Every structure is written in structure tokens, then in C-alpha cells.
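Order of writing sets the chain letters: A, B, C and D. Residues in each chain are counted from 1.
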Amino acid sequence: MQPLRAGVVGASGYSGLELTRILLRHERVSLAFATSDRWEGQAIAAKTGLDSDLSYVSVEQGVAAAKDCQVVFLATPAESSLELGPRLAALGVTVVDLAGTFRLKDAALYPPFYRFEHSAPDLLAKAVYGLPELFREQVKGARFVANPGCYPTAAALSVAPLLKAGLVEPQSLVINAASGVSGAGRKATEDFGFMEVDSDFRAYRTLKHQHLPEIRQTLTRVAGADVPLVFTPHLLPVKRGILSTATAKVKKGVTTTQVQQALADAYGGEPFIGLKGEPDAVRLADVVLTPKCLVGAATDGSHVVAIAAIDNLLKGAASQAVQNMNLALGLPEPLGLL
Amino acid sequence: MQPLRAGVVGASGYSGLELTRILLRHERVSLAFATSDRWEGQAIAAKTGLDSDLSYVSVEQGVAAAKDCQVVFLATPAESSLELGPRLAALGVTVVDLAGTFRLKDAALYPPFYRFEHSAPDLLAKAVYGLPELFREQVKGARFVANPGCYPTAAALSVAPLLKAGLVEPQSLVINAASGVSGAGRKATEDFGFMEVDSDFRAYRTLKHQHLPEIRQTLTRVAGADVPLVFTPHLLPVKRGILSTATAKVKKGVTTTQVQQALADAYGGEPFIGLKGEPDAVRLADVVLTPKCLVGAATDGSHVVAIAAIDNLLKGAASQAVQNMNLALGLPEPLGLL
Amino acid sequence: MQPLRAGVVGASGYSGLELTRILLRHERVSLAFATSDRWEGQAIAAKTGLDSDLSYVSVEQGVAAAKDCQVVFLATPAESSLELGPRLAALGVTVVDLAGTFRLKDAALYPPFYRFEHSAPDLLAKAVYGLPELFREQVKGARFVANPGCYPTAAALSVAPLLKAGLVEPQSLVINAASGVSGAGRKATEDFGFMEVDSDFRAYRTLKHQHLPEIRQTLTRVAGADVPLVFTPHLLPVKRGILSTATAKVKKGVTTTQVQQALADAYGGEPFIGLKGEPDAVRLADVVLTPKCLVGAATDGSHVVAIAAIDNLLKGAASQAVQNMNLALGLPEPLGLL
Amino acid sequence: MQPLRAGVVGASGYSGLELTRILLRHERVSLAFATSDRWEGQAIAAKTGLDSDLSYVSVEQGVAAAKDCQVVFLATPAESSLELGPRLAALGVTVVDLAGTFRLKDAALYPPFYRFEHSAPDLLAKAVYGLPELFREQVKGARFVANPGCYPTAAALSVAPLLKAGLVEPQSLVINAASGVSGAGRKATEDFGFMEVDSDFRAYRTLKHQHLPEIRQTLTRVAGADVPLVFTPHLLPVKRGILSTATAKVKKGVTTTQVQQALADAYGGEPFIGLKGEPDAVRLADVVLTPKCLVGAATDGSHVVAIAAIDNLLKGAASQAVQNMNLALGLPEPLGLL
């Protein structure tokens, strides 16, 4: 079989680098190009530690090469995806966008949460939200996939089955989450310096994080009713990983057995979900460097606590993007990931 | 003025060591004894880095010396406090107990949450819960003070003023918190080894932590109505500090200005509370090694997020115990702490 | 081809666990058994995260199964290897011992450095020291391989080519090294608790570490003259990795070009050595989770500084053991490792 | 007594901030000004957490205020000290410079190690090198003090008494040291980001660090003979602290008792030196946040290993600067520090 030709725009960010590595190892993919302003002209092998004859190219060289590709990934800032998404879509290539640019169906949410007017509403309408464990059928054969955010992946996977099964009160959902520093991207700012982050812990963008409307959109879609949650992200003194702790009131008489059964029913055959039973058994250390999401939940008859953990750069970005590519191009979903 | 003679039982735990240091520096206190099984016979100066001619003694030597003291602190496991509390109280000395043994007014909560039957219900009834910022008047002159837990201190201080001011729905309270490793005490268990904790984050004792009924008791007392919260503690890869993130639904029309004003009204003159305004401005790194609690809160009109941070060994244990001693013995509350 | 049957004794230590994982993925190996007191009866799949139908067995069950194996690894404490090594060798199976038990040719060094009399001097004499980059020919076809220690691997690889090329004064060698906490093994001692290790750095076993005579033996063998070095290990607040910093006086007129050329000559085709040029370019973060050793060196005309970094559990233990197995059994050396 | 008026130029660097805090608490000092480009106009109380009515001012405002001061500290980059040192000295105020600008008596060393020509050779000749434990008499009454570097403080204190006592071979000295991230100063560079530093360890500026000639100058002065050492600094994943590990060949027959006695003789009454005996007992964690230097040493009859630890921002910068101020102005040396 001919390998599928894939390109990566924005290959020197943390997610872009992980993505490049996955694609270089993927048995059905041939990496056609990877762009990087920072590393332009340098060998891809040197940065990834993997075999490759290619060097990083400029974005424009990447876009020029895209027309000979079957799939292009955008691991770019949201504003860049807004410009590049339509250009690449126009070439007929399948696009998987890792930014938030095409995730929110309501374009009016972009100015308050992303600080730009959305200039591509048609493509936004067509884009498929690529959270395979919840919306697999839509991703199959999709031409433009909006890859979910890291927090929304963890948060939604932990509680979606409980909402779907009608076990919890949708109005009572509260999500707290904590992320490693790589979630902030590769930036030389003092805020993410070792001196600021080590031995510290704090919340950030309380009540206004851009992932809040994304989580709400996903859970509302799953629950069939508005889920007006509150979401508080925190910064952990670790490099990688997200742990999401969701709480909600349970409906009368709901037991831990029912809660854990709902997760088992939803995720029984899922290759990228690990069911841990008790929420205390879900640990960041067990998901880092893996493409998996671990989930666990329990109730005391009053509230449920549902916890999920992912590697923010893998299931929260790069490996999920490859799950989506596999589904979009008709390959087996776990190919190149397990 | 004669110095007040103070003793510490359990001086080699992390809180006991901090407490010993504070007392050695306290201008009105003379340390009469400090007990430690682990360090018995060793010089207190060597372990504290401060001037002292004393050596650590056994618990029984400490109890024998207690009758010449004005105040004795119990920095002991809950079962030890249960045995020693009544013995010391019978000597007529003022006691400040740092364990959970005398905090919960409902003795029936001890078997499920502390795994023992409470054998001293009379003393439990008399014990004063020593959270000065909320219940200062009761602590003044008290003979037996139950020093609050670390999580309950942070959690209660962040939301009590909002409940008291009637700004939030008491039924909707959710508290997530994260603690440094010293919260587990000085134990040689693999669970708290560097290999397990570094780069990790996880919840523990979900839905059943012994601080849950303590927080509930305090907030119910403040709100004048039951506050049936859910509380999820997490383990941080840091040595010290607790950050508590509380969320609740606000009553209609409540604004961030009102929320922050309620905190300012409650804590305006408090020497150990720092008002940060926005919840994102409350950081672990700013309270570690200080006796202060920082608080911040905001609302989006739907939910409030109220965050507090403390050093779990100081405001969450040792420095609060000295605040309580100062109040109980009629000294200025901040003496020896600022 | 028939798979080679391999067994692991001591599979729940950090090195034993890494080794088990490598063997489970090795295309020519079938894992026959893995022993663990701690995990006996539990599924190997659960602990390794990899496919396996086996459960951990007792040491005696492992030894009984060993007679049907081609190779058995001892990832055991030194005293256990002393007892098991001869028993397994008598079965005719190839043995790779990861302990220090069969590394030092001078049996008189065991009492001072390992605190036991060596009871198997014949096997000690026959054992081959398995540092392939220096002594590859001896390892090929060997029946009993003493797998090098973690510090000796890093230290020897950094300076052996310089000694061999006669560029440095053998009498002037000084080695400082620092290791992550996993080097201490899986122990529940307070010394390696997060509270002790985080934010700390210290030397340990100064002038008497058991790896000192091992490094000296290797370098003396390479230099053809005694290399009476001083070796100071330190404990780093990281999980994994060793960085070794060697200094020595250079012979008159020696240049950085010559030094780096000597390393290139020695390691040019080595699959597990990465030549970094400058010593500052050798970083712990670049070797962790890899089977590679990075080396770099430079001189100011007076001294040379030669730095090497390895993952102490891989090139310093488990992956090197598989290199040795591959060589001993006639397989391509990098099989299952790259 | 009138308080002494002191000013700080460069008060927002890590050392400058520590220095400001020490001065605000010093019973004989009144802080007259503190300059900061970054924090100009902001309250000193807000940044230091201590009582002060002042706000940070510009450098020029500081220099203008300096003429009414008894002492001014320069906690500035080396180039700034080169410009400001002579200007302040001309005002007749006592100056303590924390940069490297006036430490090296040989002006020819500035171009290779500091990348500037020294434009103030007269002041350089007059400047007193302020390492009180070695050169106390010169500092008393000095008008211009060059405060030692962090590495040179730790390195020199660990071996100077051994050189002075003639116990070691001066030609054989090797110093390896490791520093926390604060040693790099407050910079928003990716190199010191959490993502780069956490879990890593590496050497930097091998063979060319600017502290190499400073250590050599100090030890040569002490030994009365050239000490041509090699010095390799490393970056630790911790915030604060330096551990220096020195090795040298001992003269024939030298014992650990002699080595430790030499340290005891040299430092017996020193308020800022803690003698630990064995080198393994010297830990970073025990000096961080203290103005002390811990030292320990031992020999195996062939080599000595001498280890010292300091807080790089205190004994390695700010607290040592105040020791020097106290000596220069005729105050008791430990005032304001213990």
C-alpha cells in the first residue's frame, strides 16, 4: 500500500513535536513536511531523535507542499489556524486542527474567549469535533476535524457517560482541573520559569478560560440539556499531564455501582480509556507519555466525584489528533498509537 | 513579667517541630519541655537550629513536667490526644490539641471518620474550636482548645464570609483542595517517597476524608443552616502548603464587588489574612513559611470561586495553635508570629 | 524461529520492571517467568502495562522454571545473586546478573565494599564484565555476564577512550556524579521520601561507594596502568538519570579537537552512544527513558572535562543487560532496544 | 543612636530583594532608597512583605539619594557596577558591590571572563575582597567592598583551611559545584523555564565560568602558591542553594582527623560556619534560607573530599554583603543576620 502523505504546520511547539514523532513512527504514514519558524532548516531527526531525512521548512513551503498530502495537521496558535484552515481546506486535503479555532459552534463565543472575530463561519459550521469516544461516527471520513482541547478531553470523558445515563443533575456540575506546565506551550515567559512554578500551585483564568464554553458545548450535546458548569483550571509544578476532578449531585438512590457501570458501559471496548474504578486510583503519573485517559468515579449517595487523567500533549493533543486522522482516513483507530 | 511555661508533646512531627521553633522565639514563653520518641535524649537546639539547653524527653516525662506549665500543646496522633487530653486537662493546665480528637462536636462521627469510639465526651463538649478569625471570642480564656485541621482552616476561611453574608447557596458548595506532602506527616512509607510523588497529582480519600465533617460543622455553624458540601483533597508534588478552591452558586444579582466586599468586611483588620481580590492572585508560594491565609474570590453572576492558601504546617497547624494560645492566655494574638 | 525463553528474578525492583518491559517487547524473546515477592500472584500485564498472560511467581518457582530457559536475569540484591548465580549457572542457562556480585575480579574487595565474603570465587573468575562498548568481544557467547553498575557505566564510557589514547594523566582522574532517586531502589525509607529529597542535593558514601573499585578496575584494564581515582556520588532531586563529570590533567599539548576525536574514534559506530561534542551539551533530560549514553569532552590545555549521561535504569541496568543478552546469545546487539 | 542610612541599587533581582529584606529588618539600618526599573513606583512593602513607606525609584534617583547615605549596595549587572561604582565611590559613601566587577585584581581577566575592558583600574586596585572568614581584617573600615561570588564563597570556604594548613597538594585541586536556578538571576529565558530545568541536570560554562579566576585568586592568596584548579558548575532543578564538592590529593600521612581539625581551627568561632564533620552530612536543604555555610571533609589517605553548602542568595550574596557592611561600618558582624 502507498503510504499516506502527512504534513505538520507548527512542528516545534510541544504538541507539534509529539505529533511529528507519532507520525514518523506510524506504519501507514510518510511525513511529507513539518514547518517551524524556530527550527527552519534544521534536521527533523535532530529534534525528534527519530530517523528522517527532512528538515523543517517555513509555513509557506509547508502550505505549498500540502497539495500533495492526504492530511495536514495544524499545531498552530488559534489565529494562525484561522488563516491557514480555510486555505488548506480549499486544497482538498483533510485537515486536523489542534487549535481552538474550529471547536465552538457558536461563533459569537470567539470574541470573548479567543479575542478574535471568527472570519470563517462556513468552515466552522462544517468542522467535526473530534472526540472519538463520544462522537466517533461523525469523525469517520471527516474532511476537517477540530481536535479537542486538553481540559475538555479530560473533563468530558469523565462525566459524559454519567450525564447520558441520567445519573447526575446537569445543573450541579463543577469541574476543577490541574495541568502541567507544557499546557502553556513553549514560551520564554517568567511566569513559567522554574523559579515561579516549582513548589507553587495556583488557579488561573478563573471563570473565563477558553475551554469553559468548549466543555459546556460537549456536555450539553451529550446530555441533551444545558450543562452550565463552572470550571477552574490550576497550574501544577509538573511538566505534563492533566487531572480533572468533576463533582455533581446524583439523582436519588444512585449508587457507586451504577456510576461505575455507566462508565464501563460507555467505555468497555475503548482502546484509549482505562477504567480504574475508584477516583483515587486515577493518577497523573500513570498517563504521562501514554495516549490513554484513565477514569474513575464514586458517589456517597449525595454527590458523585468523577476523575480523569490524560497526558495533555498526547490524548489532550497529538495522539488524539492521530486517532482522528485514522478515523478520517479510514484506518484502524489505534494504528500507530498503541 | 514571668515567662509562661509551655510544653510540647509530639515535637518531632513536622507540625510539632514548627511549633517548638515558634515557642522558642516567643518573647513571653519559656519552653519547659518537648517530647519525642524519635529524638529522646537529643538536643532541641540541634533539631530546631535555635538556642535551647533542653533535650527531648519521653511523653511520660513531659506529662510529669506539665503540671508546672501554663500551657501544653498536643502535636500527637488522634489516639494519643484522646488519652493525653483528659490527663492534661485534669492537671489544670491549658491545652491546645493539634489533632482532630476534640474538633467534632458530634461524637458519633469519630468511628466512621477516625476509626475510634470517643472515650472523653465531656471534654469533647467543653473543647473550644480554635479558628480565631471566625470564633475569636470563644477562644479567649479557653482551657481546652481544639486546633483546626489544615484543610478546614483554608476551606472555611475562604467561604465563611460569603455564607454569613447570604451571598451563596449553601446547598451548592463544592470544595477541592490540594496539599503538599508534609500534610501526611513524617512517615517512611513508599506512598510519599520521591519516586511516587514527584511529577504526580492525584485525589485521595475522596468522599471520606476526616476533614469533611469538620468543614461541614464549621460552615453550618457560620451559615446557620446545613452546608452539605463535597470535599476532594489532592496530593501535590510540593513540600508545604494548601490551596483550597471553593465553588458555589451565587444568589441572584450577586456581583464580584459584593463578594470581595464581604471578605473585606470579615477580614479587614485581621493580622493573619491577606485579601488578594481575584482568586487567581492567591498562590501557594506566597504563603509557604508564613502564618498567613490569603483569600480571593470572584463571580460570573452564576457561580462564585473562592480560593484560599495557607502553609499547612503554620496557619494550618503550629502558628494557629500559637494564635490560640495567645488568645487563651490573654496575650496579644499576633505575639511571636509576625 | 523459536523464540528464546527468558526469565527475570527480582522483577518488581525499578530495574527489574524496566527489564521485564523490554523483554516483553523483544521480538526474539518469550518471557518464561518473572519473580517478585511483592507482587507474587499478580498479573504481569497490570504492572507493566503490556500484554502478558503470566503472573509473578516466587523465586523458587522461577528457579524451577529456569531450566527450560535460554537466559535468566538476576535483578536481585547482591546477596541474593551470590546464592542464585551459582545455582542458575549449574543449570547451564546463560545468566546476566544486574547486581554487583560478580563484577569485581578481586574477591578481597567484597568484604569492605559489599559487606560479605565472596562464596563463589570460581564463578567470579569466569564471569564476563558486560560493558559492550569497551569489552564487546568477551561478551559474545558468554555464559555468565556481570552487568555493570550505573555509575561505572557512565564514568567509564566518558573517559576510557581518553585513557586508551594516552591523552590524560591516569593519576589525576577525579569523578563526580549525580544520580536520580531510583538509583536507591524501591525502598520505603524516609531518606528517599519526597520531604527529604525535593529541593535538596548532597553527596553520599563519599570515598567508600561500592562503585569506586568497579570504576577503577575498568579504567585500569583500559589504561593498562592503575587509575587511582576519587569518586563522589550525589543524590539529585529527580527520578531517573545519572550525569558523570570526570576531570583529569591532559598531557602537554592536547587539544579539544584531539579529545573529541578520541571519543569519535572509539564510539563512531556505536548504536547506544551519542557524541555531543561539548560537555555542556550533555543533559540528563536527553537520556532519560532512552538506552543511550551521551558523551562530550573539552580541554583548556590543562585539564579535560568529560561528561556522560545515562538513564540509570536503562543503559545503567536493564537495557544494557539486554545488550549483553543479545551479544551472549548471538543476536544483533541493538535488537529490542532501538 | 542614629540609624545608618543605606541604599540598594538593583533591588528587584533575587539577591537585591533578599538584601532589601535584610536591611529592612536590620536594627541599626534605615533603608533610604531602593532602585528598580521593573518595579519603579511600586511599594517596597508589597514586594518584600515587610513594613516600609518607600516605593522603588529609578537608578538616577537612587544615585542622587546616595550622598546622604552611609552605605550603598550595588546588586546590579557587572557592566552597571562598572559605571556606578566609581560614581558612588566619588560621593564618599561606603560601597558594597555584589557584582563581579571589582573582584579580580588582574584587570586583564575581565575581557575573557566578563567581556568588557575594565575602565576603573584605580578603584579595582583599592577594592577589598569581602570574604570575612578568610580576610576579615581588610574588610574592617573598608570603603569599597567587592562582595564574593556565590560559587567562590562555597568553594573557597571548603578548602582554604586545608591549603593554609599544608594538608593538600595545591596542584591537584578539582572543584565541582551545583547551583539552584536563582543563580541565573531573574530572567525570562526558555533555558530556565520549568520545562527545561525540572528533572534535568547539566554542566554549563565548563572550563570558562567567570568564577574560575575568582576562586583561583582567593585560593592562591591563601595558599601562597598558585592553585591552578579546574571548576565545573552544574544547574540543579532546585530554586536555591549551592553545593561545592572539592577534591585534592593529600600529603602523605594526612588523616581525616587532621583535615577536620584544620577546619575546626579555622572556623571554630565563626558565627556563619557550621562544621558538619563528614562531607556526606552537608546538605543543601540545611542551608537554604539561612546565612550559613556548612562544611565537612574527609580523606581516605589518598584524596580529600571537602564539601560546602550555602544559600547562593544569602551567604553567596545578600547576607554576606551585610556581613561586609557591618565590618566596614564598625558594627558587630552578625548584626541583623542571626
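The rule we apply is simple: a contact is a pair of C-beta atoms (placed from the backbone, for glycine too) under 8 Å apart; a residue touches a chain by one contact, two chains touch by 3 or more.
Treat the numbers as computed from the prediction; the structure is a model and nothing was measured.
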Farthest CA centroid from chain C: chain B
Taking shared numbers over all numbers used, above half giving same and below half different, the chain B and chain C interface sides are same
For the pair chain B and chain C, the C-alpha centroid-to-centroid distance in angstrom is 48
Rounded to the nearest Å, the gap separating the Cα centres of chain B and chain D is 39
Contacts with two or more other chains occur in chain B at residues 196, 199, 237-239
Contacts from chain B onto chain A in the complex sit at residues 172, 174, 176, 178, 196, 199-208, 228, 230, 232, 234, 236-241, 243, 245, 247, 278-280, 282-285, 288, 298-300, 302-303, 305, 307
In the complex, chain C touches chain B at residues 14, 181-182, 186-190, 192-199, 237-239
